[in-house]
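The structure follows.
Letters A, B, C and D mark the chains as written, and numbering starts fresh at 1 in each.
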Amino acid sequence: MTQGPAITDEVRAMIGATSEPDILEVERGAIRRYADAIEDPNPLFRDVEQARNSRYGEIICPPGFFGWPVKRSGRMGLTAKVREALTKAGYPRLLDGGVEYECFLPIRAGDTLTAYSKIADITEREGKTGKMTFTITETTYVNQNGDLVVKARGTMICR
Amino acid sequence: MPLIERQGKVEKQLYFEDVEVGSEVTPLAKVATTQMLVRWAGASGDFNPLHYDATFATSQGVGSPIVHGALKRAWLGQLMTNWIGEQGFLKKFSCQYRGMDYPRKMKTMTEPEEGETWWCKGTVTKKYVDGDQHIVECDIWVENGKGEKTTPGNATVILPSRA
Amino acid sequence: MAEQINLDEMKKAIGTQSEPSTIEIEKGMIRKFAEAIEDPNPLWQDEQHAKKARHGGIVAPPGLLMAVMMVGQGSPMPFRPPMPRILDGGGEWEYFKPIRPGDVLTVAGKLFDIREREGRMGKMLFIVSETTWTNQKGELVARALGTLINY
Amino acid sequence: MAKQVYYEDVEEGMEIPSLAKDVTTQQLVKWAGASGDYYQIHYDKDFAQATGLPGVIVHGRLKSSFLGQLLSDWVGEEGTVKKVSVQHRGMDFPGEQMTCKGKVTKKHVQDGEHIVELEIWTENPKGERNAPGSAVVALPSRG
């Protein structure tokens, strides 16, 4: 496939785009299932009694878990739009490049999080197998008290 | 490897004074299985058939279902939360998905077939005090059975101090 | 292999009860269930809508109690199923009270019956267990009989 | 969803609106996640074949749950599903359309409740009823 410039006007216009917020509810059962799935027996993620006596006072989320979305649309809708634009530009193949979390406060069972996402940047680079594009999505998770709990930066690679 | 060994455990509380640059993060062994991938799909909500449907995975050119990058990320999360204990705080955490991994098949409902074991590892690269926070930075990674670091990353943690 | 089964011996276990367990019904659990079976009924998910409906809030769909591990199922089996293969033979669910998020259900199981039958694939055992769910107010909310086919 | 059905609308022998499901491997994995049933015969083709099955099969409980939806859709917000019974008689495979159907077998008033009994089943494209069963529901009455 001949690849033209990746950052077309349409793609460039997506930089800075924001999403509708996602609402996530953090429930004990969902945390336990997550911990079960990775085989993590840490009592802070599953034992209500022990968690109550810990510094957190309640079961907390393992890193990278934010509960289960009440409605899933915001962030995924946003990255889907970028993907569509990149596919049109000739970069249809998707890879998850990785993620970075900056944690400010623990996330407890019973919390409701609101997640705001933004396309922070889209860049291109010449790779071994041709040109690759990197889309950085920044997501900010805020809890029901209005406190910032986590900032996440995800990298989507399209080539 | 029995389940209990694969799960690892939370260490006794680690303090800032216990670590030096070059110290090893207590390694954590993991066995990815076809079953774990389906559990992960259910727990994470990532239902991409690339991770369980052999026909689909073949059509995508990866040969057979591959381990979710985010599952390996979650293992690295456990590596750190086990190590820093209840009094530690994971402040920053990142990883890149560099290579593909393939899960073991299951022999029975509970036992995986013989095969590859993954190791989550880390080393301390920096320690310093910032205000009243005792901060330790680490290189972390997931290493597959061939010794390849398929998921490298970094972590910054705050540890309690004995001082 | 079928010859070695001592049905009379196994039948002595009928009536064995399991240690009761508890399960907390969560909104996310119900939502996940409804997503899995692609059931868009707003009674299961839409707080605003459900508030105005008959039960005054979100309730669990009937199928939630069929999602075995999620809602717990007592399967008191003092012996291993003697034959190598297991199939879920079906079941019967009876509903007495609505189940709501926030409910803490006590799940109790009992070995209800064991029968033997000659099937297409040779001798088959039908192992029937009873499960009851009781809510935090002490109300019996549902009862089920599940059949495991061992062949 | 259809408008509320009342006891008086129902006659013995009438069929209720059917519910079609296109079961995919993805749905089986979602069900595994929702139900906690991680038996490999429902997602690992090699494992399923090693146990003598032609391929991965649909969970029996998923079919029962579809029949639960068939009923809760039909009885509407004012109706109540009182009893569902399902036998898993045969295997179904992802990739095939499944239709859930029901037929009224009996109606009667009991202890002030307007009770309707039904025969329910799933049907595969060959017309085979691999999950037959029965149900008891209560409907509102116009009376």
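Observations on the structure shown:
Just so it is clear, contacts are C-beta pairs under 8 Å (C-beta built on N, C-alpha and C of every residue); 3 or more make two chains touch, one makes a residue touch a chain.
Everything quoted here is computed from the prediction, not taken from an experiment.
Remark: among chain pairs B-D and A-B, A-B carries the greater number of C-beta contacts. Work out the mean CA point of chain B and of chain D, and you get 41 Å between them.
Annotation: 18 Å between the Cα-based centres of chain A and chain B. For the pair chain A and chain C, the distance between C-alpha centroids works out to 36 Å. In chain C, 29, 32 are the positions where the chain touches two or more neighbouring chains simultaneously. For chain A, the set of residues that touch two or more other chains comprises 30, 33, 68.
Chain B has residues 39, 42-43 in contact with two or more other chains. Every pair of chains meeting the contact definition is listed here: A-B, A-C, B-D, C-D.
Against chain D, the residues of chain B that register as touching in their complex are 34-35, 38-39, 41-43, 47, 49, 52-56, 105-106, 109. Against chain B, the residues of chain A that register as touching in their complex are 30, 33-34, 36-44, 54-55, 62-65, 68-69, 72, 95-103, 106, 153, 155. Those residues of chain C that touch chain D in the complex are listed here as 29, 32-33, 35-39, 41, 43, 53-54, 61-63, 66-70, 85, 87-95, 147. Within the complex formed with chain A, the chain B residues making contact are 3, 6-10, 30, 36, 39-40, 42-45, 69-71, 73-75, 77-78, 80-82, 86-87, 89-97, 153. Per the touch definition, chain D reaches chain B in the complex via residues 25-26, 29-30, 32-34, 36, 38-40, 43-47.
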